[in-house]
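Some structures are shown below for you to check.
In what follows, chain A forms one complex with chain B and a second complex with chain C.
Moving on, here comes the complex of A and B:
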């Protein structure tokens, strides 16, 4: 999620519906197909050397009892993974991670879609609004976390504003109350990345044919029916990308949680990522942290590919 | 044939790039000052920077031609980075370590891995007071040099106290009464920044010397020998008293939503009358408080007999020499300077602490006079985590205290969790 802003243009381009077949495009594809396969070798070797091999070697530590410092380590098989199954903190973190990922995915995309529909109009200030709504996505998540942590203190701006309007019953200890701290973090993430989802939906909306919309309007279709039967199918690629990015970002969420609550109060906002960090770097239980990270990586990969196939199929059959 | 040649060429280039990258990693591993005997490298946490600025300037003044390159970083980042550097052989010559055990960068943890130089032969190694010497050692050898002595107590804003017509309590009953009196005056008795994890431990740390470690000095050893547990000790009294303080309204409304900085600001402004903190908070509050604000750090009573009251006081800022230091002689020379009365006093003076080895030439900050007296009288006990076998125990304490304050657990369950963490060993 943190690197998402840098990819926005590329992703937005990918989200836009693929144009109808063009002879020129076909010639380009043919030329690309003619490039010798071994041209990919330098980049592939670099990727293997810098990413793949260190990752595989790192994953190997999950099968040892290395503490992250000692010169010695023993092979312990799947012992670290067995610990994970019986660790109450691990189970709690998995539940929190799923809650966060699910709620962020739903709320962020709903808000992003509504914002996109709102600014995909002919109002004069639409460009200013687009920039303003996207701006939070370019702020580093750590800075956002500190900003909202400050706003959410018991004497912070949010409670002050609520008090100013006489809504004292709504005032809360947003990050200190174990029952709502998790949702305060979710709200912060949605605030930051709803604009990012909006941009991807906007790119998709650019490809909705005006003549079809106009025809449906003439046929008497109302706004909801126009959206459901004309706009939604055209947005399928954008929906796929948005859902995938937000669910991956939600599952991996670390920065905002760490800055705002460090997993507390108690363990009420601990996620897989914060627990991985705590075990590896605070408890000196490096191998267990790696085992958790490996499980998370596999989990994210399975979920993402399943989601991609499911939504891709739906998009294809629109 | 032509294709095959190109393929072979590209593989060769990639292999060369890969191998040169390996070579580069090796040479950069020499890192640091480069072993020229004149450039010392050092790393510490951000809190140590003001003191390091002062002692490094003095050290360079006394050693012309010597350069000291030092970096400071936040606690989490420091522990992560330095552990990685030590295991990969790229750590600085001198590293900040924690005394004793119970922390990923604690003396015994790092020495156990063979990453610290044995400093037993240095003249200062045997000069530490009884409370400090053990936490600089591993297997009977000295591996770290403690520079300061730190304490935990209630830091009172005496100016605000006088304005409210209140005096610091000296007994447990008096403390609860003080809380209600402060509340009646519209003030918080003890501001608590429990959102910051490590702050949560300070109240148990200030109560257990009187309740647990003073009456039974062998308690840490008893735990190590599996003759004692948290659950079956007066630790339960300490945590119950923590909750009693909460019930008595000793803290502000939302301690779990208040962080360390906000808690100090409340005391500096006089909105709260005190905060239970480490001695470095005196300097931090002073920076924010109006000029002329009088502060005083005093023990937190845990019983109704004032003469029983003890304080948590222990080795503070501590340094070790990297066993693979490129400039080992210079590193040892620097640590020896830190351990000289001149270096130690300068460091302690700048960091608003006390020198690890008491000496008459040190001018104590009036706010820390009581802590110094307790140190001299032997009425202090080491910070508890310094004798715990792993970092998980302390982290568990942070978590259970937050759960206790949130009403999510009870004292019995909290102590069982700490026992479980302790039983996982080193």
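Moving on, here comes the complex of A and C:
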């Protein structure tokens, strides 16, 4: 094991939600001298200016009727949120966003895990495959969006391939059919980022002890039991990180949707991000857009802390 | 499991097939960019007479040279600032065990949960009032702040895992905390700096929504936005569009293939949890 590997294992432990209170606190400064507190100031300044303060401000604007330009704004309480509830496009966007986040999280990680398990074997092509499968993840999402938009046109490559195998029944207008356009976008995102999940799982697989695997095989454990009892506990931190990244990425999805369908046909693929953009920058409805963003913030917070709680325990018991 | 059995061979065949399917879209992209616009063959059929005309047309019409320069400027400066301020901030957060340090770390971590959409509009008005709309500097400012929480998270975890011995030795030799940070800690955490650089370069280079907002209407565009307006103009000329896509993803792809070992390793080492 190289030093980089052992250090990254150390990170895995250091990053776990562990012991903040360490009794050796006093000893640290005795050994290395006081670390200047003002080292945090530059980062804190950028962070407060760009993230923290505007977010607080944004949360406040959600309770007004500000249009983003005029000098006047009135406090309107929860009116914008009530509007969201009665606006079919708004409710639709919330539903689409949750569907997208959920399906991307499940499918992308499942595919990523299977790819990782397939690549983490004795096969000769494993290095080439690792590079090939990760390639889509480095491509600009705007570019992959256009690429798949083309592949998914009615006479595009996907329908041609289906036709070649005689599967004409499966041919669709992938992005023009309101019933499946959302899933076509999900497929594009999964294609792009499955390799991303794979690489994180692969790093976790490095920690699986070969001798324990071998011993459990000799004891007669089948592949599923070996995976569940030997591999999965080692993967817990990778699973946590992967789920967190894909949930957050799914809830924020904008680029691919905007490029492939702009929320259409109709409003069938509008997500909270595209609707926020439309309301705030095309319809001049700033506060309504921000009210949506606040709802989205609550979703992100609930979902990510829920999964953190759920899996944190597993990671801790490792 | 140590020998190459027929089972391994079946697995190999399946995985290669999966790999081909995954790579097929990238093949179509490059294949189509090399075809003449009047070539009616299937997008899957290999190009027979290669043309580079699409590339020179796309380059000129989408103003890609300028876009690549703007993207490079924004990426280099944002990532340099992110690395500098995050590593610096992580040092006391990792080494000071007083209450303020724990609280501050927590405050930074809130940033991981806040969706950027919430801050999007208020920050937009601030940037507008500062007169920075249309100026790429606004993007550098934005990314430097936006990417701090994640980078601080990675650096803090990594520095916590570095044994105190090195700094202790340095302090016995008379080095102050500043000196310790720059000559001991920062070189030691180089692997995580790699991860931070890779993740942030990818994020900044590929981001679409922010430059769409902040640079809209100006002559300076980043690559994704230039692509977007280019494609909106030439939407049915896919050969031209794909040549544009190839040009813009080429720098990233070349860098990726040249350094794939480092990138995949660096990417995974900081992220696996």
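One rule holds for everything that comes next: the second predicted complex is superposed on the first by the 273 of 318 C-alpha atoms of A that agree within 3 Å, B and C clash if a C-alpha of one lies under 4 Å from a C-alpha of the other, contacts with A are read in each partner's own complex, and residues count from 1 in each chain.
One rule holds in what follows: a contact is a pair of C-beta atoms (placed from the backbone, for glycine too) under 8 Å apart; a residue touches a chain by one contact, two chains touch by 3 or more.
Predicted model only: the values in this text are computed from it and were never measured.
S.K.: Just to be sure I read the superposition right, which of the two partners does A:285 touch: chain B = first, chain C = second, or both, or neither?
M.R.: First partner only, chain B.
S.K.: Looking at A:306 after the superposition, I want to know if it touches chain B, chain C, both of them or none. Which is it: first, second, both, neither?
M.R.: neither
S.K.: For A:36, decide between first (touching chain B), second (touching chain C), both and neither.
M.R.: both
S.K.: Once the structures are superposed on A, label A:296 by its partner contacts, choosing first (chain B), second (chain C), both or neither.
M.R.: Only chain C is touched by A:296; chain B is not.
S.K.: Just checking: does A:110 make contact with chain B only, chain C only, both, or neither of them? Give me first, second, both or neither.
M.R.: Neither partner.
S.K.: Between chain B and chain C, whom does A:215 touch in the aligned arrangement: first, second, both, or neither?
M.R.: In the superposition, A:215 contacts neither chain B nor chain C.
S.K.: Taking the superposition on A as described, I'd like to know which of chain B and chain C A:262 touches: first, second, both or neither.
M.R.: First partner only.
S.K.: According to the stated criteria, A:71 is in contact with first (chain B), second (chain C), both, or neither; which is it?
M.R.: In the superposed model, A:71 contacts chain B only, not chain C.
S.K.: Quick one: name whichever of chain B and chain C touches more residues of chain A.
M.R.: C
S.K.: Of the partners chain B and chain C, which touch A:46 in the superposed model: first, second, both, neither?
M.R.: Both partners, chain B and chain C.
S.K.: Overlap the chain B and chain C contact sets on chain A and report the shared residues.
M.R.: 36, 42, 46, 49, 68, 281
S.K.: Within the complex, which stretch of chain A touches chain B?
M.R.: Those in contact with chain B are residues 36, 38, 41-42, 45-46, 49, 68-71, 149, 152-154, 173-178, 261-262, 264-268, 278, 281-285.
S.K.: Any idea which chain C residues touch chain A in the complex?
M.R.: So the residues of chain C in touch with chain A come to 1-4, 8, 11-12, 14-16, 18-19, 22-26, 28-29, 32, 42-44, 81, 84-86, 88-89, 91-93, 95-98, 100-102, 104, 107-108, 110-123, 125-126, 141-142, 144-146, 148-149, 152-154, 156-158, 160-161, 164, 167-168, 170-171, 176-178, 180-181, 191-192, 202, 205-206, 208-209, 213, 223-224, 227-228, 231, 238, 241-242, 245, 248-249, 252-253, 256-257, 260, 263-265, 267-273.
S.K.: Can you list the residues on chain B that touch chain A in the complex?
M.R.: 3, 6-7, 10-11, 13-14, 17-18, 21, 76, 79-80, 83-84, 86-87, 104, 109-110, 112-115, 194-195, 197, 253-259, 262, 390-392, 395, 398-400, 402-403, 405-406, 408-409
S.K.: Spell out the residues on chain A that touch chain C in their complex, using ranges where they run on.
M.R.: 4-5, 7-8, 10-16, 20-22, 24-25, 28-29, 31-37, 39-40, 42-44, 46-55, 57-59, 61, 68, 115, 118-119, 121-126, 128-136, 138-144, 146-148, 150-151, 156-157, 160-161, 191, 194-195, 199-200, 202-204, 213-214, 217, 236-238, 240-241, 248, 251-252, 254-255, 258-259, 272-273, 276-277, 280-281, 286, 289-290, 292-294, 296-297, 300-301, 304-305, 315
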